[in-house]
Each structure stands twice: as C-alpha cells, then as structure tokens.
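Below, each structure is written out as structure tokens.
There are two complexes below, and they share subunit A, which is joined by subunit B in the first and by subunit C in the second.
Now for the complex of A and B:
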C-alpha cells in the first residue's frame, strides 16, 4: 500500500491511496456490516421463544378492538343498537370496560418478570456481541492506514478518535481509519434494514430503544388503555349515516 | 409505490378519527421514501464532489424536494393522512441524514479518492 506525500498538484486529492484498499477494505467493510445485520435478524427470528397467549388477554384485546370499531363505524348502526353496545361496554356496574378498569393492578413489577427479562437480555446480547467482535476484528486487521476521506472538514479534536492507527500529526483530520468507517456503516445501515427486511426487523433496534420500548409500555398499559377507550366511548355520540 | 391510505374519517366536523392501520401504513411509506431519497441524494452528492457545508445544504434541499412530493401525493390535504402537520419535513430527519452521509462518503471515496 503506497502513499505519496502531497505536492503542488492541482488535482483534488492530496493523498493517493492504493486501489487495493478500495477493493479489499472499503467495500468489504460495507458488505460485512450489511450481512452481519441480516444474519442477526434471522438469528433473532430463530431464537424467539413462542409466546403462549393467555385467553383473558386475548379476550381483552378483542373487546378493545370492538369498542374502537364501534366508535369508528357506529354511524351505520341504528340508534338503539349503538346504544345497546355502548351500554354493554361502558355501564357503571356491569360494563366490560368498567370491570376491567376496577380490576386490581397486577402489573406490579414488570422488570422481574422472568420471561421478559430473558427476552431483553437475549436481544441485547445478540446486538452487542457481533458489533464488538466485528469491530475488534476490523480494528486489528485493517490498522495502520487511512481508508477514506470524508467530504466534510473535521476539527483536529476528532483526529485521535478517527485515525486510530495512523500517527501522522500533519494529516488532515478528514482522512479516517477503517474502524470509524465501520461505525459509520453500523449506524447508517439501520434505515436500509428497514427497507430490505420490512418494518419490524431485529437488526435495527439498539439497546436503549428496546429498553424504552418494553418498560413503560407494558407497565401502565392495560388499565390506561381501558380507561382511554372508556372515555372515548363516553364522549362519542351516534350519528346515523344511512 | 403503495398508495397512502386515507387515515382520517370525520364523523363530525369537530374531531377526526384516525385509523390505526392506515396511519401505520402511511408512516411506512414515509420511512421508505425517506431512505430512498437519502440514498439517492448521497450518491448524487458524492458523485458531484460536494464537500462540507454544500453537502449538508444539498441534503436539506432533497428533504424539501421530498416534502413537496409528499404533499403532492397527499393531494395537499396532509391532515387527512397524518395527525401531525410538520411531518412532511421532519419525519426521520436524522435517520435520513445518517443514510445520506453514508452514501455520500462511500461514493465520494469511490469516485474521488481512488
């Protein structure tokens, strides 16, 4: 790999990089990162434990959907029918939603729920380990030379971070090493995974997204959802469209 | 491309009810086209050799262009399809920026450095 020092040439590049770097470093890092993500997604799919749904939970979901549909499409029902369904759901003493709202909250501590913990841990491990392993390998294999030049000017403070193995003090901070190219790939390929793998892909989420998504959603969910649905039904009134 | 589904049905003029599935479908469309726009913009920017500020400026030009396309696709009645008005500009701005930078650096490297 040869690098010629800059001289007074009017061409755009100040460093000339061996095309072998392009073929064997630049493109392979992109390819490896991309396929590692795809593999991660499929491994995640394979390792997923089948969740056994409880009958009560399923029933709840269905009733919620029924309430929502009632709100949306109530206009095609005759008034009496609409009121009857609304009464069934929201009545003070025997309405289904009311009962569910008063039910004691048994979502005391979601963090200690074993099945969810293992799910979260598995997800975290699955994401972190390949990233660390591949990052380490890239750092070890492709060290000591710059990989590419980023098109925007960077301050000198970024130099030790972005030019890990290269110790040239006069080199423009825009020239980056392979490790930083790898990290740029990892962060930016997430939206492309959404394109390729469909919307809910396991390759795209990071640890904090998982944590934030699971925790608050489950803890308050059932009671809040019923309450919201109850309120919405209360205020909806029947306008006959036919 | 999948058509945007009409999300809002207003049973009266005061409040509109948004259909879950349609909203999700619409967001999927936004995400998809945002990624494509970022990729195409990045490739163009790298090939053109834009550096520094001009590069980032170009990204925001493509964002604006994409917003125009989305508004046109929605028949200029954004509220019928989305609950939030400024989504046409702000949806997944940073995600798109990352994708844009990736393609920008990649193509710039391929074309100008090697």
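Now for the complex of A and C:
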C-alpha cells in the first residue's frame, strides 16, 4: 500500500490510494451488503407466518374511515341525515366510537400477546444479527487503512468514529475506514432494494423503525385514535355545501 | 358514428395478454370477449404465460361463468384446482360455478365454510347476499346486507346494492339514506349526484325536491353535458315552480330555461341522430310548460 503525502499543511493531505483497495475492498463491501440484504428479504418471506386478521380490528378500521369520511364530505348530505350518522357514531350511550373509547383497556394484552411478540422478535433479530456479524467481520478483515473519501469536509470530531483502525492525527477526517463505508452502504442500498425487490421488501427496515415503532405505538393506538375521531366529529358542524 | 369492431379471435399473443391485463386492472366485465380471447388465442400459449397464467385462468373462469360457458369454466377451474388444491380463492370460484348452475344450497354451504375459515374476507359474505338476490328473496337479502354493512360499514359497492334493493321495493326514503353513504365516499362524482337527485325527485315533497334541485345543479356543474341531469333540472324546476313565490318562480324558470337552451344546443350539435326531431320537440314542449307554470 503506498501513500504519498505532500506536506503542505497538516490538515490538507491529499492521498493517493492503492487501486487494489478499490478492487478488493470497496467493491466487495458493496456486493456483500447488497446480497446480504437480498438474503434477508427472502429469509423474512420464508419465516413469515400467515396473518390471520381479526374481524374486530377490521371493523374498527372501517368505522374510523367512515367517521373521517363523514367529517370531510358531510357537507354533501342534508342536515338531518348528517346528524343521524353523527349521532350513530358519537352518542354517549350507543355510539360506536364512544363504546370503543371506553372499552376496557387492552393495553395489558399487547405486551403479553404472543403472536405480536414473536413477530417483533423475528423482525429485530433478522435485521440486527446480520448487520452486527457482517460489520464485525469487515472491521476485522479490512482494518488499518482508509477506504474512501467522502466528498464533503468533516470536522475532526468525526475522526475516531469514522477512522477506526487508522491512528494518523494529521489525516483529514473526510477519509473513512471500511466499517463506515459498510454502514453507508447499509443505509443507502434501501432505494436499490425498492427497485429490485419491489416496494414492499423486508430488506429495507432501519433500526429507527424497529425501536420507535411497534411497541408503544400499537398499545396506545386504538384508544387514542378513537378518541381523536370522536372529538373531531363532535366539533364538526354541518354546512350544506350544495 | 361507426363503432369500431375488433375481431378478438385475431389478436397476437402479446396483444391478447396485454388486453386481458388491462381488463383485469380495470375490473372490466367484458365476459364474452374474454372467453373468446381465451379460446382462440391464449389457450394455445399457456406455457408462455408462466406466472400470469393463474391470474388469467381466474379471470377467464369468472368470465365463462358469467357467459354461461360452463365447459370452458370447468376446464379452467380444473387446471386451477390441480395447481392450488387448498386455496380459498379457488374454492370461491367453485362456489360461483355452483351458483350459476342454480345449485344454491351447495354454494351456500361452501360459502359458509369459507367464511368460517376466514372471517375477515368480505367477498364470501357478499356472494351469499348475491345468492339471496338470485333466488328472489329480496327482503332476506336486504336483511343480510344490512348485517354485512354493520361490520364493513365502508363498502361502497354494498351500499349501492342496498340502495338498489330498496328501490326495487319502492322504499325511496331508505334508498336515499343508503345512497348517501355512497356519496360520502364519492362526493365529486356527477353520476352519483345525479342518481341521488333522481331518488329524491321520486320521493317527492317540497324538501326532497329542493334537495334534488341542489344535487342536479351540482351534477351539471361537474359534467355540463349530462343530458339526463339537464332534463332532471327542468322537471324539478317545473314541479317547484307550481307552488313557489313569484320571485322564486322567476328564478326557477330562468334556471329551467337555461338548462333547456343547453339541451337544445347539445341536440343540435349531435347532428345525425335519427331521433333528432323528437328531442327538439320535447325540449320545446318543456319550454312552453315551464313558461306557463
């Protein structure tokens, strides 16, 4: 590996990298990441259990959509009919939304619901493990040199993060190691997966979606959504638009 | 205007495949043509269709059942059954074939089984309602459809069907109420606005007539060349003008006359319509009636 460093200033080093890096590091990392993603997608398909929808949940979605439509397009109906429908949905004693709002909270069930837990677990495992394994392997195999240069300037604080194995204090922070090139690939190949595998692919989920998403959102969701719809419907008044 | 006739038996493989795909995506109900295309063109190229074959077979089966070509339907169904032995989609096709052969009890039993296996599929329940309608048991059908709609409250197609069932029973008030749910889903459809205007007009009574006029106006606004809505406006204005105050009457007559002028211009533009003079005379008669009311 040859590095020619003209000593103009300590920060402005302009490296010329061995072309062997390009052939044996740069491109293999892209290829490995890409195929790992494809394999992940197909494994996900294989392990996917057939979802048996629940009738009640489907009914709920229908009613929510109905409430929303009533709010948005209610101006087309005559006043009496609009009020009838609004009453049907929001009445204190018999209204559907009302009932759903006050239903005994199903929150406890969410955590102990076995099917949901296994789904989450599977999804998490499937995404985390390959990423960790391949990241570790790359870090171990391709350490000690820089792989590529990002086209924009970075501050010195990025150096310990992006230049893991290289301990050159004068090296421009834009030069990054292979591990960071790998992570860049993982996040960037999502759009390529969308092209290759179609839009609904399992290879494109990031850590953020997994962490933030499933657990708290689903717990609160049904009750909150119903409450929101109910409030919106209560305050909507009817103006005949025709 | 000469209608272009296409000889469906003469298409190339690619054209046939594309046409069927387009009809699949549009849910077009061109059953006889689909069966023709299948018989004369595509049935010889089953190996070149690969995965698309199954979707095409499903489309052809439904088309064959619809055009009473039970031989073709049976053929395609058998191919599907060998490939997908325990599929609920194929079972639904089998049940549809039983329905077409008037074997309603077996069909209903099959649908019940399918519903128990998958409660959330709306298609099976709707086919049960279709059986009741085919048997002529309108009231039962209305009851079942109402139950279905309590769960699947947003199913526009079902609301339209319910509205039509009520119309057949001459229950205009309920038909209008049911059709309003359709309006909620498609508020800008001039077709649906016209339909509900017609139901309201048939109901009669001052409020309903005013509603009808409002709906007709909106329909014309969305589609200015709709002759049926234009005629509707004229008739409603006529009715309303009978009992309206003088100021209102003048306004109504103005609206009606405007609609009549539009109709006259449409008929004049149509040119070589053989019933041209009948239309013109109708328009003139309405005009005199309106001005005399």
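Quick note on the criterion: the second predicted complex is superposed on the first by the 157 of 242 C-alpha atoms of A that agree within 3 Å, B and C clash if a C-alpha of one lies under 4 Å from a C-alpha of the other, contacts with A are read in each partner's own complex, and residues count from 1 in each chain.
Just so we're on the same page, a residue touches a chain if its C-beta (ideal position, glycine included) is under 8 Å from a C-beta of that chain, and two chains touch if they have at least 3 such contacts.
Quick caveat: nothing in here was measured; it's all calculated off a predicted structure.
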First, second, both or neither for A:157, with subunit B first and subunit C second: neither
Partner chain(s) touched by A:69 [first = subunit B, second = subunit C, both, neither]: second
Partner chain in contact with A:77 - subunit B first, subunit C second, else both or neither: second
Touched partner set for A:55, first subunit B, second subunit C, both or neither: second
Per-residue contact with subunit A, leading partner among subunit C and subunit B: B
Touched partner set for A:190, first subunit B, second subunit C, both or neither: first
Where subunit A meets both subunit C and subunit B, residue numbers: 74-75
Interface residues, subunit A side, partner subunit C - complex: 52-55, 58-59, 62-63, 65-66, 69-70, 73-78, 81, 240, 242
Of subunit B, residues touching subunit A in the complex: 9, 11-12, 17, 19-20, 28, 31-32, 34-36, 38-39, 45-46, 49-53, 55-56, 92, 95-96, 98-99, 101-102, 104-106, 108-110, 112-114
Subunit A residues touching subunit B - in the complex, by the definition given at the top: 12-13, 15, 17, 19, 21-22, 26, 30, 68, 71-72, 74-75, 147-153, 181, 184-185, 187-192, 194-195, 199, 239
Subunit A contact footprint on subunit C (complex, rising order): 118-120, 151-155, 177, 180, 183-185, 187, 207, 211, 214-215, 217-218
